[in-house]
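Heads up, the next two complexes both have chain A, just with different partners, chain B and then chain C.
Take a look at the complex of A and B:
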């Protein structure tokens, strides 16, 4: 753009026809954490990693550094199938159309979002030929009649689980109180400092 | 049981873990990925926690309390191998050191689960999950970068060549070696080294890296008897800075 105004010419020429550079970041992987034995796995967030195995290794400290936990697993974000989302006026299950696929049956892990602002929680598995079919079948199995805002399905074979022999990874975690900010009692120390007798 | 021999073993292990933990903590805030920064910092905390547990055992044997043991000795009183005191350099070196040291360390603790000195065997069983993560982390990175790009492979290969003499220094034998083995406290440095070679070969064979002939490499000995590189004293000065200003400081 030609202009005498320096506020215009300081900007670089638009290169809209050029292809964008690929992102110089790794892809993302979703992390699920089990807080206690017997409790369902819950989605906690994502990590960047070059592959599934590295994602598992990095997720362990990123998401289970502080609070006690018994197990984690990870899946590539691209392998998470997401249902339509509702605003709470109806259940997401009502927006999933019946679909009979001819593909051979696989096991899908199903997750439900029960409230906006909460995390997706695992409710169980279904056998289906495709993710949409899995979600449709999940309605009868796990749809309790309550409003569900959103449903996820993941092909179980795409998940990097914690093996039985890896369960020892969190053995000493409950002792690491020094990782918890509240253990430093910062407020108490500040109060003590402010209330100390002036010298 | 020969207490002097036991103390020597505990000191060299505790010093290895304290110095290595401190070096790894220097990556905090500078790691190549946020997630990796957190992982490396967590492992540094684990190492320092493990060294603390060993200094506590030493205190029960009449040695100074953990803080005094960590912060009041000078470099020539430390028994860590030279490997752990080397400056961090670039991440390829830090990863190779992490892999070579933690493979040996996890095997050492695994052998110590059978130690005749019960406090040590109990500690070994307690921390096995931490060591499991440290080796999983190291092996995964080495397999990843050891087969990734020309640059990552050549960087790791160069670091491996530089680091191996120091890594062999881990296994420097003590004059009490026979006593330690005889009283079944520990199987000994030679036995550990043999197991270590098998493990590192197993991981490296899954990459495009090449393990040089270890028999032709002169180990960097001296650390176990207090002979250190010029890098240890500055590390100790920095680590003990707060303690030297105020020994009663609390966090």
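Take a look at the complex of A and C:
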């Protein structure tokens, strides 16, 4: 290939496999970010990754490359149990039936959507045998007195958390001034240019 | 960064006649109240289709838009500029990730979008089919193409689809550095030697026509456009966006003493809008349909990257992970 860019010109010829092999597509993982110490985790979006560990690395790059945070975690989209969504006429908790499970107790992280158009925010954890049971229990703990549009429950053992030793991942971020608009002060240079005598 | 002037599919508007009138009324009422539409909500087929198309084009534009700038990383003047440009290009690719995720919540898998880009079925912003001859071309993109993109993105962030708006809020916050960086680069060229000034003037001459194309041709005010505006898929006409861009940036270009290569360009005091030479829409159509200076190269680079990355994806692939639609 002939290009203005010598590196493009140097690219190897590659046979044209018109149809890419199907399904070299990775799984999807949901990303949760804690912006400041003491603040709740909030859902930020999704990444594609071959496994939980890679999802964590990619989540760090995609969602915390530019904004400092104290911690992130990721979970496989399949491991997030989602309640029905309401129209705001009743709380999503009203749609969850009580369920007595005989499974051994696990810890579930509970996320609530308190306003349409916003993102799910962590409200705490409950101990339960199954996700529906966790949501049912969460109703009394976190869901009273307000309309909740949607609830998520995530089995804590399925989450890839940020360990304490990893928390320095974001320490150097504020040093990367070149990613900040405020690092590009052209005002003085512009002023000096404008005040130059015109030829 | 992002290509404006999206091409929308000419779906017959009577396709919405087949939608359930009660659900449609509730959907329209929700948008009229200023609420966002979320992935689990009912939505008309036309809405879903046009949004997928728009968000996908936007994502492709980020990926392809990284190519003409990325090529200058090794040749950017000095360590600081290299560092900034690298961060900017990384941002653009990150934006594509966010946008693909938003489009996926509408039901089109990411792999299919990437296939459609490579085989030429999906479009991306036409502006990236032009070559960057010198460092000044790269500065033009960083400052003015990004500026155009921000005009579009700020408008679209007020649209009706929740996941797209949230992605755009994040993107706009990151773009502010791109714009300042681009302006900084151009100020340095403008206040430099005569050779540097000439370099930017030449880049401006080359890039002005594609920049005017950037927002797309005047919209025919059809029933179709009217529906897309009512559903807050399209937030303004292409001419509105172009005018807003000219309003904000023509004075800044003139301030630096450069000449915009359009003798008719001036603000009309009566209408409050800009008059300009009608861009060559025949060229626009020709380039968008594949006959531009760089179309082949852009897609070929993308295809080779995909081929060369295959072994990495295969090595990493774990059969236990499963692709499903992201949640929000």
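The rule is simple: the second predicted complex is superposed on the first by the 153 of 199 C-alpha atoms of A that agree within 3 Å, B and C clash if a C-alpha of one lies under 4 Å from a C-alpha of the other, contacts with A are read in each partner's own complex, and residues count from 1 in each chain.
What we mean here is this: a contact is a pair of C-beta atoms (placed from the backbone, for glycine too) under 8 Å apart; a residue touches a chain by one contact, two chains touch by 3 or more.
It should be emphasised that the depicted structure is a prediction, and the values quoted were computed from it without experimental measurement.
> For chain A, which side has the bigger count of touched residues, chain B or chain C?
The partner with more contacted residues on chain A is C.
> Would you check which partner chain A:178 touches, where first means chain B only, second means chain C only, and both and neither mean what they say?
In the superposition, A:178 touches chain B and chain C alike.
> Have a look at where A:117 lands relative to chain B and chain C in the superposition and call it first, second, both or neither.
The second partner, chain C, only.
> Which holds for A:125: it touches chain B only (first), chain C only (second), both, or neither?
Once the two structures are laid over each other on A, A:125 reaches no partner at all.
> In the overlay, answer first, second, both or neither for which of chain B and chain C A:42 touches.
neither
> Regarding the shared-chain residue A:166, is it in contact with chain B (first), chain C (second), both, or neither?
Only chain B is touched by A:166; chain C is not.
> Pick one for A:51: touches chain B only (first), chain C only (second), both, or neither.
Both partners, chain B and chain C.
> Looking at A:77 after the superposition, I want to know if it touches chain B, chain C, both of them or none. Which is it: first, second, both, neither?
After superposition on chain A, A:77 lies in contact with chain C alone.
> Classify the contacts of A:61 with the two partner chains as first (chain B alone), second (chain C alone), both, or neither.
Both: A:61 reaches chain B and chain C.
> Residue by residue on chain A, keep only those touching chain B in one complex and chain C in the other, then list them.
26, 47-51, 54, 61-62, 65, 176, 178-179, 184
> Would you mind writing out the residues of chain A in touch with chain B in their complex?
The touching residues are 26, 47-51, 53-54, 57-62, 65, 166, 168-172, 176, 178-179, 184.
> Sort out for me which residues of chain C touch chain A in the complex.
Contacts found on chain C: 35-36, 38, 40, 71, 74, 80, 83-84, 87, 90-91, 94, 97-98, 101, 104, 109-111, 114-115, 118-119, 131-133, 162, 165-167, 173-174, 176-177, 179-181, 183-184, 187-188, 190-191, 255-256, 297, 300-301, 303-304, 306-308, 310, 313-314, 316-318, 320-328.
> Sort out for me which residues of chain A touch chain C in the complex.
1, 3-5, 7-8, 11-12, 14, 16-18, 20-28, 30, 43, 45-51, 54, 61-62, 65-67, 76-78, 80, 82, 85, 116-117, 119-120, 152, 176, 178-186, 189-190, 192-194, 196
> Can you check the complex and tell me which residues of chain B touch chain A?
My answer: residues 33-36, 38-39, 42, 45, 49, 126-130, 132-133, 136-137, 140-141, 144, 148, 251.
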